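Given below, in the form of structure tokens, are the structures.
Common to both upcoming complexes is chain A, partnered first by chain B, then by chain C.
Our next item is the complex of A and B:
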């Protein structure tokens, strides 16, 4: 019998609920001043939420394996959209993150390709790695090369070695190039927060996909080096790094003040002061600071622990689905992209990570982020159902 | 079967994740539990500020609830923020300079600096409140609905005993008279001698309290001190109006019969080598005639008849030399030295009101004793105090200081004083059909020998002109006139008008200078509605 993981659903609903309340609380004052109505952002958030719930439900009905089948197409579309946003969108605060449709019938509809790229990349890597039946460098990858199963006989050792080299030469290169393109496009927007989250998640997927440690260290060094170069060549990022290390950044200071001022129980919903002119964009990249000030340590702890529980449940789903490596990696990847994003957001707002704009999954204002996360949950729910089906057999 | 998933790796990543979670929670504990109060203070300091809210200053009304002073919001002085709490109010005097020197004025900060505004500042200013305003990073203030506030207790209103109409009449007449006499200043006190309520208190020159800084500082081409309430804050030698003291002492002690001759007609008396004479030579005078004609020589004799101690006691009993008890700032209570120190000449001078001083209100109250049947009253300037909701929280009642004369003696003196107006020096104030009792006064001013910067221009001129006169009395005068009349049958239906014109140059006798002005004020006053209704119909015209 099909059975969805109700725990994941419940946690998601709780987080989305907290999100709606906090979006209202953190944006009411500024939207009243600017838009003459306190519910501007709140209402605007309801539309993607509605779409997101429908998509989540729909996706949970779709067999997740279909995503693996179309992973190249998905990555292709992702790359196209990322190109599109760089070439044709207008920049907002010096960044090009949004594709906007603003003709009369589609007024104010915009989305961030980078948010959807998260899913695209995870699906792609999960599929890619799972195509090697066993560990990528130890065993043959007959499935991927389209050959029929053959028994592991010593006579075929040479063939095996040559194929391994083949893989290293071509498939590994292929993966690296694909990811490098995506990462570079996101870095050019720039959208370092999302990029950071994707990188970390990719490394985790590779690690759990039984990649060799030496390889991982190489990749890690590559990513770290690229990151260092990026930061050094982007004045925007450089300033933020400098701010982080000197602890003088205005936003950072305000964010820490806000969280600290919350105390154990917080000032109460709507009573936060940091959102009153002090924290820019309190309803997006600093919403955790508002949670800290208004709901206190208790609110913060509940929210951050909920993300941890979500992660653990997601990994559990993955492990139960380990018979299908794609399913396992997809479940783990989705769980981690949510947890890592949340971790970066919380880490930034309470000053343990350098400032980078990243929304808190399910909670921050922003349609693309909410949509992509809800779709991710939908996929996760489907995997949990598949697990039941597998066991039933 | 090949194990596709390494649970060890999963465990490691999970452990790292839980480690990161614990790191975050530790950080939150440090920020929110251990450094809570530090951040709490910092946030509330940077985002909130407490602004004092001063209530709208109370109004000042005249006795018929006409607004003399009120406060209106003054948008031009809005201070910072998005408005609202920053607006100050501006003090407005709808009748401009009417009673300006009595009302006083307020300073830039809205607190009273002079007059009623100063004396009753604690009532008019009310209790200030405060409101918390939000503060933007750039320091701009804005109202935020959730912040607490203590609203200001709006101030109390004061109802004066002043009648704005009488005040206006008196101001107009006095201004005219001071100008036509080319005098340096003048003042008028009008009161109800039955209750002590002051109906008008006029000073010329006067200020416009709404714009006091720009008021003219000269009068008749001479520089002048503007903001003094001269009826109260300036003391002067009253001259013959002070004869009310010897008159009362004589009548109270029945020392002479009214028809007794008190002066044989010599018209002069020499004391300590100094000769005192009357203005015009006249024949022998009875006591009555001496009062009517205001013979100084006769009063020197009469004073001797009374004796120093009794004279002094009478003057004290009438309230000379002590504050009247009025609730207004800066009263000049005058001087009356002890009788032991009087030389014979000084005592002789006191008989006609030289060598001592008083303010115009004291003089008016002394005559009120005669008008109301022998009682010295405390003057009343505050009729009522209204709470911020308009409820009357204080009503003044007449305050009796002491009984000075018996009622019948007071009546006798009043009849004597009526003769002054009908037959004597006050004839110019006579209004046909109206019984006015009164007395004139002309006093010479003392020209000090020492250099003083506070001298009036005429005194300085006199000092330059005749060096011999310095340290003595010169030809510069203060003229006074006090009179009262009934507007109804009861003691409380009387009006007393005391006038003073200082340093007139055109004429210098009390009757001549003040008499016509007294008449004008009296006539116009009894045509006013509240007083007309109490009057006998034939006097209305």
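Our next item is the complex of A and C:
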């Protein structure tokens, strides 16, 4: 029988529930001021949530292997959308992140391609690596690479070296170019928070995909160097880095005041003060600060632990799916993109990372983020189901 | 291999998770108190509530100064849009513009260069109505009700009570507990009794959002009103004096038995009401550049030559030194003038041969020229200093002048040793020349004569009561002895009685039927214009209840200009049922 991982589903639902409450609590004041109704953002969040739940359910019914089959197409669409957003969208606060459609019923539908690029990139890289290692060529490569570190067995070693060069020359180059394009497009929006989360996740996938440590270090150095260049070129990123190292900056101060003021039990739901315009974007990029203020250390700990459990369960799903390398890497990738995003968001709000706008998965206001994460959970659920199916046989 | 990598990753994740948790714990558990306080300062705005200043009464419980509620508009010009500004300024165009930047504004600008808050006080009700009507169009304008000082008697009490104005940086050092932008006593009673009158401002703690919008009031510390000050001044008498005194002059009257000041008038006065909401630059220009100097307190600030009034001092000096007694006649009779050195010193009339009392009564200059020459500069001046001239009287409001009493040494310095003659001391003896006194000093001295040698420091405040009605300060007469022998005082009193009562007396016009008024006239020669008129009087002679000094700037003869005024004041005061 098919059995989905109920734990993941439960955690997701709890997080989404907390999210709805916190979106209302953090946005009610400003939406009352601006929109004359306290439920503006709350209601707006319900639509993607409904769609997300349906999509999550649908995706969990689709065999995850299909994503690997169409990974090139998915990445292609992702890149197209990222181009689209750069070329045709209007900038909001100096950033071009949203594609907007206006339909006849006078409502705007907007979405962020970068949020969906997360999934696209993970699927692509998981598929790419699994193809390399699963194929006959890569199998010998992986055996060779395992032995090359320990033995000087001549014949195998030369074989390995020649194949490694092969890999670097052709396959690795494709991967690098494809990823570089996506990263560059996201960096141009700019959306550093999402980019950072994707980079970290990619590195982790490569690491678990048995990449050689030296290569990883090289890639890491490359990403780091590129990131450094980017920050140096973008005045606002530069300012934020400077603010981070000098512990200044209005947003950071307000965020820390909010979290700090929460204490052990918090001020109580709805009683936070930081959202009274002191903290910018209280319902998106700084929602964890509101959680800290209103729900206290206990609330923060619960949310953090939920994300940790989600990660661990996700990895477990992956490990049990070892037979299929793609399934393993995909499950790990999805788990990590959620966890890393959450980690960055929390790190930013409590001042251990430089300020970058990244939503807290499932909790922050924002349709694209919620949708892509729910789709990710859907894929994860399907992987867990596949595992059980194989066990059933 | 894969297991190793997963283990490594787990360790990495655990470490990072631990860092996050530790950070959260340090923020929320260790320094929660600190951040709670910081956050509170963020969203709680203390909004000061002005305490109403104490009320000032006259001696008969008549209210002289109190407070009325008035509207104050505070505009944060940063958040005001251009359109709002235009509409708003058209609404306010009927108001007098104050170009002076308020202290609050300056202080706020210092904290935040972009912050600009304009305060408009004393906004008429009609404008407030119009604003309230269009309130949704002016979201950044705050209307407050604040107590505003009201001076009931306009100009009449302007000098003894003084006025208030916005605190200056200098004053802020004296009163460190005050804040910028508040109003503080600038002169007179308002300044001297500032600490009593001010009260304690309250605070309204309001929850605000980051843009400063008020959300809800949190707590309220109500202001404590200032203490009430009860003056010794009689408001009715003061009003009468202000009325009958010519356009420029001073008049002050005290009860010689206690030193309580009954009236204190300096004319022209100014309207302290024009200062209560911050004075506009045009009004300030008008007051400060007025050729009549309305801000100048002629009672205690202005110094003039005492003229013939000073003959009382010369006379006292002569008696004390033993060269004068009531029987003495002058060696040279008054022929209208006397030649000293190469110069002819005039008397104002030809008096013939006079004894001491007659010389006082008729105010003969020639007689006192001779007394002065015989005494010399220093003995007269030393006695004058002993009698309270050349130093502050010690009145309980600030800004008193000392006046000036010369010495021989001073003349030596000015003209060179031995290069000045007897003419100087002759001139000094009749109160002319370099000697300068304030009307207050003359009053103080004469009150001592009136009271048979006991003088009381003049005082303006009878008592101070706190808002519960308890007395926190009560006036106690502060007595001194006039350093003159009783015999001398008796002779001076007799002479002063004659000045008003004798047929030849210079002060006959001060006479009041049924009351024995005593006095002394003075006419100060003024090289720049008309003479200044002096008259000092006390009454009744037997048991003095009032002592009054009238000074009329450029008024003319003391006997004809100042004396009748003094007479009217005495009449009004003594004839009123007490």
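Convention: the second predicted complex is superposed on the first by the 358 of 393 C-alpha atoms of A that agree within 3 Å, B and C clash if a C-alpha of one lies under 4 Å from a C-alpha of the other, contacts with A are read in each partner's own complex, and residues count from 1 in each chain.
Just so we're on the same page, a residue touches a chain if its C-beta (ideal position, glycine included) is under 8 Å from a C-beta of that chain, and two chains touch if they have at least 3 such contacts.
A quick note: this is a predicted structure, and the numbers were derived from the prediction, not measured.
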Practice task
Superpose on chain A as described above, then tell me if chain B and chain C fit or clash.
Solution key: clash
Exercise for the section: Please indicate which partner A:325 is in contact with in the superposed arrangement: first for chain B, second for chain C, both, or neither. Expected result: first
Practice task
Figure out whether A:210 sits in contact with chain B (first) or chain C (second), or with both, or with neither.
Solution key: both
Exercise for the section: Please indicate which partner A:270 is in contact with in the superposed arrangement: first for chain B, second for chain C, both, or neither. Expected result: first
Practice task
Identify the partner contact of A:278: answer first if only chain B is touched, second if only chain C is, both if each is, neither if none is.
Solution key: both
Completion exercise
The answer to whether chain B or chain C touches more of chain A is B
Exercise for the section: Check whether A:54 is in contact with chain B, with chain C, with both or with neither, and answer first, second, both or neither. Expected result: neither
Handout entry: chain B versus chain C as contact partner of A:308, first or second or both or neither
Key = both
Problem - Selected from 24-32, 168-176 or 186-194: the stretch of chain B that, after superposition, runs into chain C - result: 24-32
Practice task
Check chain A for residues that touch chain B in one structure and chain C in the other, and list them.
Solution key: 29, 204, 207-208, 210, 256-264, 273-274, 276-278, 292-293, 296-297, 300-301, 304, 308, 311, 315, 319, 322, 339, 343, 346-347, 350-352
Practice task
Can you check the complex and tell me which residues of chain C touch chain A?
Solution key: 1-2, 5-6, 9, 13, 16-17, 19-21, 23-25, 27-29, 31-32, 34-36, 38-40, 42-43, 207-211, 215
Completion exercise
Listed in rising order, the residues of chain B that touch chain A in the complex are 2, 4-7, 9-10, 13-14, 17-18, 20-21, 23-25, 27-29, 31-33, 35-36, 38-40, 42-44, 46-48, 134, 136-137, 144, 146
Handout entry: Contacting residues of chain A [partner chain B, same complex]
Key = 29, 133-134, 139, 204, 207-208, 210, 256-264, 270-271, 273-274, 276-278, 292-293, 296-297, 300-301, 304-305, 308, 311-312, 315, 319, 322-323, 325, 328, 332, 336, 339, 343, 346-347, 350-352
Exercise for the section: Provide the residue numbers of chain A that touch chain C in the complex, in ascending order. Expected result: 29, 146, 204, 207-208, 210, 254, 256-264, 273-274, 276-278, 292-293, 296-297, 300-301, 304, 308, 311, 315, 319, 322, 339, 343, 346-347, 350-352
